[in-house]
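You will see chain A twice below: alongside chain B first, and alongside chain C after that.
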Partner chain A sequence: MRRLPGRRTWASLHAEAREIVFDFLEGYDLLGAFWTTVQLTLLAAAGSLVWGTLLAAMRVGPVPLMRGFGTAYVNIVRNIPLTVIILFTSLGLNQTLSISLGADDFKTINFRLAVLGLTAYTSAFVCEALRAGINTVPVGQAEAARAIGLSFTQVLRLVVLPQAFRSAVGPLTNVLIALTKNTTVAAAIGVAEAATLMKTMVEKEAQLIPIASIFALGFVILTLPTGLILGWVGKKVAVKR
Partner chain B sequence: MKLRKVTAASAAVLALALAATACGSDNDKDSGSSPSGGSKKITIGIKFDQPGIGQKTPQGYAGFDVDVATYVAKKLGYSANQIQWKESKSADRETMLQRGDVDFIAASYSITPEREKSVDFAGPYLLAHQDVLVRADDNSIKSPSDLNSKKLCSVTGSTSAQNVKDKLAPKANLQQYPTYSACLTGLQNGAIDALTTDDSILAGYAAQSQFKGKFKLGGFKMTNENYGIGVKKGSDLKAKINTALEDMVSDGSWKAAVEKNFGPANYKNEPAPKIGDVKS
Partner chain C sequence: MTEVSVAKDAVAATDELVVLKSVNKHFGALHVLQDIDLTIARGEVVVVIGPSGSGKSTLCRTINRLETIDSGDISIDGKPLPAEGKALARLRADVGMVFQSFNLFAHKTVLDNVMLGQIKVRKADKKAAEEKARALLDRVGLANQADKYPAQLSGGQQQRVAIARALAMDPKVMLFDEPTSALDPEMINEVLEVMQQLARDGMTMIVVTHEMGFARSAANRVVFMADGRIVEEAVPDQFFSNPRSDRAKDFLSKILHH
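Now for the complex of A and B:
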């Protein structure tokens, strides 16, 4: 067996290898870019959970007008490509209608527009996942709740939705993972997230495959734990029937 | 009866699909022919979406890069109809050369030390500069430092965008879009003050008939971009292409191509660069 070099030599060897293999990473804020990706994901996830729940409530509600609106919204929005939605927020809302969402530089405006676009899009999927969850709650429960005098909102809030959420954890996890990867579309309007940095690095360093692999790995690092943790949570809270 | 109709319809669909795929496979065969193989075809990578540089139009391919590539191919012994054009997007260029998908690439391909690690460059054949395109009636941008208070647009991840952020105008409000045409929408309606990239590309856009007279170039020469022809590392094509490029300059075709493609935009071109003279 070869003698191992001393600790110091190992360190310098390691540094040397790092320089050869990863010198294209030098000077790029990889963590910053992924942090923007995480922020986009979390904000859009929170937004679409709220708006998606409201949409689901509309779709199962007793008012025909709201039911119609919910159905129309879901069917229109989920069938438009996300790139078109995101580009529309910038070219349509910002550049043409001068809506700037209370910010004055493109960096902040575009970030907010991207959150808005992602929320609008993802809500449609959250709504459908939740509606599937609502359908797992036996009709008898809602009828019983009505019979003891609860209003529609009370039935939804106290009886149906808590159970619906618990059985919708699985599908909602899928939506969240898809959302994490969908944030790369925000690169279309120049939000400084992972995909934008990847384009910059590929353009400058001319090494497509190693750079793309690193970003792919970054996304796996983000989404794998999401799936594992929420999968465990889903099992834990599942309604036993 | 109904069943028979369905059968007939599906047979028709199937026949159509077969016909379509037959056409498709023909095309595949063409583009799949190995470069410099016995079939006597040459595959050249160009941009398909940059007016003035390399653009796919209903009438065929047009632009300065196309003219240069056609001339070079002629010198290499291929007539115009033996050329197989292939789109090479910025991010794909190195990979396409390394895999041998194309024989050479002329696609506003700036020679940089990083790129020279993975591919070889013949040329340069054009010296371009980073510049800005502004509305024709806008006189508020007189020097690059004026850009610091302006709304600027460029293509996501492009070298021009990085230059603006890093040194030219770090305080400028920078919008990035996937294509230059998206920037032009904003530039036209005033949401954006200037579009920045290589002056050759800007001149190509400004020379388009629908934009004629609406935009003008700033003329700032903020960086040097040496356009080269990319070939596979170690390829013997490099020397042959260099000779072809020298011929192109000396017989006047180079000047004619510049005037034809950039002329209408009031673009002042640099004299033809000497082969191997890469200005940093």
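Now for the complex of A and C:
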């Protein structure tokens, strides 16, 4: 066994090793890329929660036209590959129809288009998770709400949806985790998120397995706590019957 | 001229509160309500009894349009039942309903259950609504349970909260759809006592029940239904001691002596 030179400490050795193993990371804004991923996720999550809830309300509502629209939207959108939707936002909405969502530089336009595409797509899944949640609310709850004179929207807003959301926390967590990973599709229109950076690094660096591992780890770091925290929340807010 | 018509309305209003005229309803091939004519006067307590599947629950639920009808007319306090929308919601607020399965809002506390309709439908301010809710909970003997959730209460307690929730809307009439059928035997009386008290206070009540004791002691009139028809109507004493129809005799012989 080779002896270590006396003046070198373990700490300095570690630092040196880190330099050698991780020097391929130098010059890349890893945190910045993941921050874009987080922003895409949070904005699309908020958007699809709102739009998905409206879709679910349409699908359980009494107006045939709205029910038809909700059903058609969900069945069309959830069956189109996300890549196609994201590409359409750029090629169709932006380049053909000149929709730029209020931005004027390429970077911001594409970021907003990606949020729009992710929202449109994820809403269909939020709608279905919520509708499953609505089905767990006993019909007597809505009847009692109607019986005291609440209107359809009040019944939904005050009695049915609050209970539906609580039982849909689990399915919605799955949707959120899927969304986090789906943001990588935004790379297709050049949004500078994690997958875009990974592609650049893979092209320029030799350490393919470490690169893949680091990005995989980055996503696990984002999604694992999401699952754990929301799992706890789901238990905490569950409606006891 | 105006005075005369006002006086006429007033007379009509004090007289007939709920009127059903030749009401028909089908569930697919089943003719569940057949030419139902029924008039309930203000302050009257009517108990509807009959075998399972005779249409008594359905009858009760058509009065606030939780069930639609195929033909006929239903009017409450002189106004025909609206088909849908805001007008229907307004009417439902005037008709209290108590369900077999309580149906308390599971995600809200007992107090919030009794306050919700007052605030969202009657537009009462929060303080007044809470005061009234607490007074009503006291009236049904549950003042100390206000902050609990429905699942923490016994069936009898839940049903009494449901009665308080309906009363909070100041209803003109109360519908009870088998209010004690889902209760353990020892909890039936606490609910019936609240209902007896309501009847004594002059509330107009339509009660679908299997509690013959309640029918005897609290009802002004018993309506006996079988196979979607009203077979017999009579004051309780007469109905229980001397039923006219064979169907009612048969029904009573099965439930009264065992």
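Just so we're on the same page, the second predicted complex is superposed on the first by the 232 of 241 C-alpha atoms of A that agree within 3 Å, B and C clash if a C-alpha of one lies under 4 Å from a C-alpha of the other, contacts with A are read in each partner's own complex, and residues count from 1 in each chain.
We adopt the following convention: contacts are C-beta pairs under 8 Å (C-beta built on N, C-alpha and C of every residue); 3 or more make two chains touch, one makes a residue touch a chain.
Predicted, not measured: the structure shown is a model, and the values here were computed from it.
Contacts of A:67 after superposition on the shared chain: neither chain B nor chain C is touched. Contacts of A:190 after superposition: chain B is touched, whereas chain C is not reached. In the superposition on chain A, contact is made by A:163 with chain C only, not with chain B.
In the superposition on chain A, A:78 makes contact with neither chain B nor chain C. Taking chain A as the reference, the larger set of touched residues comes from B, when chain B and chain C are compared. In the superposed pair of complexes, A:200 makes contact with chain B only, with no contact to chain C.
When the two structures are aligned on the shared chain, A:181 is found in touch with neither chain B nor chain C.
Contacts of A:150 after superposition on the shared chain: chain C is touched, whereas chain B is not. Counting contacts by the rule stated earlier, no residue of chain A appears in both its interface with chain B and its interface with chain C. Note for the complex: chain C touches chain A at residues 64, 66, 84, 86, 89-97, 99, 101-107, 116-117, 120-121, 149, 151-152, 162, 165-166, 169.
Residues 90-95, 112, 114-115, 117-119, 151, 156-159, 161-162, 173-178, 182, 185-186, 189, 191-192 of chain B touch chain A in their complex. Residues 87, 90-91, 94-96, 98, 105-107, 110, 187-190, 196-209 of chain A are the ones that touch chain B when the two sit in their complex. Residue ranges of chain A in contact with chain C, taken from their complex: 62, 138, 140-141, 143-151, 154, 158-159, 162-163, 166, 239-241.
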